[in-house]
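Each of the two complexes below includes chain A, the first together with chain B, the second together with chain C.
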Partner chain A sequence: MIKILLKQLTILILSFTGITIIFFSLAQLVPGDPVILHYGNLTPGTEQYENAYQELGLDESLVRQYLIFIKDVLQGDLGRSTVTNHSVLEEFFTFFPATIELSLFAILIALVFGVGAGVLAAVNKNTWIDNLVISSSLIGYSMPIFWWGMLLILLFSLNLGLTPVAGRISFVFDIEPVTGFMLIDTLLAYPKYEFAAFYDALLHLILPSVVLATVPLAVIARMTRSAMIEVLSADYILTAKAKGVSNFKIIWVHALRNALIPLVTVLGLQSSVLLTGAILTETIFAWPGVGKWMVEAIFRRDYPSIQGGVLLIAVFVILINATVDLLYAAINPRMRRPE
Partner chain B sequence: MLLTGKVKYILSTTTLVLAQLLLAGCDQNAMNVDAFDTTLVYCSEGSPDSFDPHTVTIGVAFDASARQVYNRLVEFKRGTTEITPSLAKRWKIRNNGTVYRFYLREDVQFHSNEFFQPTRNFNADDVIFSFMRQKEKSHPFHSVGNRDYSYFNFQGLNTLIKSIKKIDQHTIEFELERPFSPFISVLAMEFTSIMSAEYANVLEQTDRKNYIIQYPIGTGPFQLVRYQVDAFIRYKAFEHYWRGKEPIEHLVFAITPDPSLRFARVTAGECDVMSNPLPIHLKALDEESSLKIVTERGLNIAYWAFNTRKPPLDNRRVRQALNHAINRDAILEAVYYGSALKAKNPIPPGMWSYNDEVKYYEYNPQLARNLLFSAGFEDGFEIDIWAFPEQRSYNPNAIKTAELIQQDLKEVGVKANIITYEVGTFLQKVKSGEHITSLQGWIADNGDPDNFFNSLLSCEATIPGQNSAFWCNEEFDAIIKDAQVISNRARRAKLYQRAQQIFKREAPWLTIAHTQQNLIVNDRVKNLTIPLTGGIFFSGVKLEPRRESDMRL
Partner chain C sequence: MIEVKIYKDIPIPGRWRQFNRQFRQHKGAMLGLFFLLIILIASVFAPIIAPYDPAEQFPEFLRKPPAWTDDGNREFIFGTDDLGRDVFSRIIYGSQLSLGLSAVVVFIAAIFGILLGAIAGLSRGFIEFSILRLMDIILAVPSLLLAIVIIAIIGPGLPNAIYAVAIVLIPHFVRIVRASIKEEMNKDYVVAARLDGANKARLFTHSILPNILPPLIVQVSLAFSTAIIDIAALGFLGLGAQPPNPEWGTILSQSRDYIQLAPWTVTIPGVAILITVLSINLVGDGLRDALDPKDGS
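Let's look at the complex of A and B:
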């Protein structure tokens, strides 16, 4: 186990160095004067400008500049937004809970329905159910999220009036952001609006998380299906059948447990898909998360925010993948066995 | 373990509430619906960069700060460009129009927030603070924010105001370097909003100067409650507003940059008011809909500027020929969907001194060819048309406008290339005069014609490049300079009318259109009008209870 931990740690450090180098080089390529990008309107030649120039370390060599940059990043200093003048790190974390809340709901939907559909298809292999699952997962996988989101808004919000169009909660409710997680914050605000605010927040979550869940759901369904088919034909399943274990127990206990092991890796890989999807989903539904924040930053040419946001998201994805790998080792006995 | 208390609180509350949730079930009758009837939600198109009316330049930022939170010494009377008293009860102009004395209201209170409780009412110190902060580089609050007092400087107040004297607590005197008749109109503009000097003092002592632009304290009808960038701005009615508390209790700006989503939200009843609808949205509304369109003419102009410093556009005949060569009715139909007025003067018809005697340049390609022939361009020539890459309220699609112009020019033997740059670069390059022709526009800052003539067409304005035709006509310039110092409006109007005739003859622009301003409004919102000078004010707006059918919960 220690060996695995060490291996993961090395990978973590290497990937972090990798992305910071890429990131640092990208920052060099951004057009415009770096001092002005960082501090806003300063006139070259003035004392203020020269001070800022030195403060940014622009008179140093590239290697030293990189080291200064790493030091700043490790200290959590990602610069300030040129538009709002707030710390990029702080701003990122005010938007991050909204994205996490949305992603968690999406992954929950993807898991429940994806695994369910996958098992259903595997058990009914080569029947119309199987075909239905395969073809709809293909459609789901290739559907442009933007179009899908609009379609759902048109149907469920505008025509049927069942769900809200956009946002995290109706603006009628004034909820103080304590944790940033709307479901928790609406409960903390109790009894100001009874449970109306909580239900409203839940209602607002439905459409965006369904849209965001679509691609991972399709991937999980196909993955579960093929893993289940493989496991179901394994010898121990035959043995279990011969011993007279019920069909239900075979599928849901003996087969599924083993079929789910590769799924954990898939989940880790899907975290980056999920965050990319979140950028689109948040834009469609005016969901105030990091995705929408980044898009707005791009429109405003707010380079420190764009750069800080990209870096933080990259670090987050790396961390998730490292955690998933460790989790994989923990649940898969074969990984732990000494060679 | 700083978090322990907070975490414990969260965990215990959550458990308690979840337990109650299970017990209570979905008892929706228990909810508090009062908020529905007292909250107005406005779907706005963008986030303000700050709440500082002195330094911001974009409309959404003025909407969020100056127009709800602050007041000014004087203001525009609703639906007009007439000046009426606001924080100043009355005023006197002396010494040939170089001294303005204002008598201030005594019953005006400032807002309060968690950092500040006012101990005194509004007085002359607040006026001095609000102007000196913008004028004096050494002022402690001058360097707060982006340090760019563009409106203050652009209106020339930095050189115009000689001194501001406090006569007593509620009397104040502005001394000007020279007579400047638009001064009173300028004081109704958003950038002259009055901040609290006492608040500034408190912030300075606690070393939080920056809060003055993040947590504004004003005297206006609404006070800021909460702001989340790119999500919403929440206000509540100010209990002690000097004109009386507003009928709307809560006001929320739902920041929704995508126009289609804004329209979806207003259709679903999530917003009561939608800003900047597209022409297609206006057409989609039918008679039975509970949504209504509120329309007001706009004080703006879209024009095609000819750089008169560059040949062949330094030749008046060529400019006139181009004026005759373009079919503006086609542009109005294709670009503005018939929602705009054809323009003939540099100022819009709603503005005083508008000269209706001036005739349009009629669309006549043959005449245009003749004019070009007589100017010595029988073989035509080649020019560039610069077009702005974004939608603007005076021109929804500059690229499309340029394409139509391009086709018309081909008819008269002029080859045109369309050129566009990213916004910042575009403005910069036009200001330095790199273009030969460019599609431009202007929205009135105040109701004074000087704001058009002097800002866009004076010789002075060629230096910062706001005069994008780089047109400097001595006769014209002398007239508008005269009109600036005379205070008699009838005499000024006569001068401006003459200026419009010279403008027409010299043709430094092709005037294209004056657009209208539109809002889509739920009919439960009463008394909402659009000011001529643009923007949105929620003061005086009333709200009827929400209908059952609008309520989702």
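Let's look at the complex of A and C:
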């Protein structure tokens, strides 16, 4: 276990160094004056401009500039947004909880329905249920989610009036951002609105998370189905059957437990897919998360925000993947080796 | 003439025959191929099939619903958009962009991916390690986000979107090629070629490449569908093709504001994207089953 841990740590450090080097090199490619890029509109020749120039180490070698960049990053200084003049790090973390809330809810939907559909399909292999699951997962997998989102808005929000069109909560509710997670914050504000605010936040959450869940759900359903079919033909299942274990217990306890192991890896890979989807979903539903924030930063040419945001997201994905690898080693008995 | 069979021979079907037979059995794949051919024909013969120019405006027919509705007009099968442009013609011309651009993207990604994968697979130590780490890093950044960053650096627009999506697709090719090379390297036929004195480049092009084609072809189909969705997504975000270009994602972002007034301008381009991607994925599934029979059910 310690060996695996050490290996993951090395990979982590290497990936981080690689990412920073790539970002640093990309920054050299951006057209325009690097000072203006990082600090907004400063006039060359002024004292401010000279200070910024010194701070970026522009009169020194590229290696030195990179070291300055690394030092700043490690100290959590990702610069300031050229538009709002807020610290990029702080700004990122005000938007990040919204994205996490959306993604967690989406992955929950994807897991529950994906695993359920996958198991159902595997148990009823080659029946109409199986065919239905396979074909709908193929459609879900091929879905352009930005269009899917608009379609659901058209149907549920505009035509049926069941769900709100955009945002995280109605303007009527004045919720103090304590944790940044709307569902928790609305519960914390319980004395003020009782469950009305919570219910409203949940209603806002449903459509975006269904949209975001679509692709992972399809992947999980397909994956669970094939893993389940393989496990169900294993000898130990036959043994369990021979011993008279109930069908329900065989499927949902004995088989599913082993079928879910490869799912951990899939979940790790889906974190990247989820964040990609989050960019689109947040844009459609005006969801104030990091995805929407990044797209806006590009249109405003807010370079520090783009750089800092992508760096943080990449580090986040790498951390998740490392955790997933560790988790996989921890739960999969086959990965355990005799000392 | 009488055919006399002296020997009782059982013909063993060739590679292509076997593949053909397997693929034809796959109903979904045949359906996908059928739709894909229709879309291909539509894009190649767009000027003949499309009744109007994609940019032509009919001011007297603004937001005309599709022909099958009560207010529809037979002149405009899929209706017209907010500027009075024929939706059907725009979709047909848009297929040129979607298919053509993704083909370019996949071509670029495959060339670079196979090259890098071959280098990584045939070498050891630092070169292999750095290529793999680089690919891991590219994979760590969510694909669309990476494309967005590349576009943020080189600026929005169609050519830049192509480079961005291509770069995002490269790591998958690298991984597959490298893994397959490592697997094939110790097989007897490769050892034989090596004993014959083949150098690494020759070894790869003459011995290994023909044998790792099946997973590569499957990867091409996967990359193709990803490319179509990503290009449309970039167009939708306003970072890819720019209006009045009839690219499907761009059309969607344009008609978004009229979702209530003219819902068909939203639904129809989306259906076009969905059907195209679905067809490619169906064909991809069929290819995978047919090329690698031991894997299929």
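Criterion: the second predicted complex is superposed on the first by the 338 of 339 C-alpha atoms of A that agree within 3 Å, B and C clash if a C-alpha of one lies under 4 Å from a C-alpha of the other, contacts with A are read in each partner's own complex, and residues count from 1 in each chain.
Note that a contact is a pair of C-beta atoms (placed from the backbone, for glycine too) under 8 Å apart; a residue touches a chain by one contact, two chains touch by 3 or more.
A quick note: this is a predicted structure, and the numbers were derived from the prediction, not measured.
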item	value
Which of chain B and chain C A:E91 touches, first, second, both or neither	first
Chain B versus chain C as contact partner of A:F24, first or second or both or neither	neither
Partner chain in contact with A:I279 - chain B first, chain C second, else both or neither	second
Touched partner set for A:L158, first chain B, second chain C, both or neither	both
Contacts of A:K292 with chain B and chain C, given as first, second, both or neither	first
Which superposed partner A:E194 touches (first chain B, second chain C, both, neither)	first
Contacts of A:I139 with chain B and chain C, given as first, second, both or neither	second
Chain B and chain C footprints on chain A, overlapping residues	153, 158, 283, 299
Complex contact set, residues of chain B against chain A	6, 10, 13-14, 17-18, 20-21, 24, 26-28, 30-32, 35-36, 39, 41, 47, 49-50, 146-148, 210, 225-226, 228-232, 234, 250, 252, 254-258, 261, 264-265, 267-268, 270, 424, 552-553
Contact set on chain C toward chain A in their complex	28, 133-134, 136-137, 139-146, 148-149, 151-154, 225, 229, 232-233, 236-239, 249, 252, 256, 259-260, 263, 266-267, 269-270, 273-274, 277-278, 280-282, 285, 297
Residues of chain A touching chain B in the complex	40-41, 83-85, 91, 94, 153, 157-158, 161, 164-168, 170-174, 176-179, 184, 187-188, 190, 192-196, 198-200, 203, 283-284, 286, 288, 292-293, 296, 299, 301
Chain A residues touching chain C - in the complex, by the definition given at the top	11, 14-15, 18-19, 22, 26, 29-30, 135, 138-139, 141-144, 146-148, 150-151, 153-154, 158, 229, 272-273, 275-276, 279-280, 283, 294-295, 298-299, 303, 306, 310, 313-314, 317-318, 321
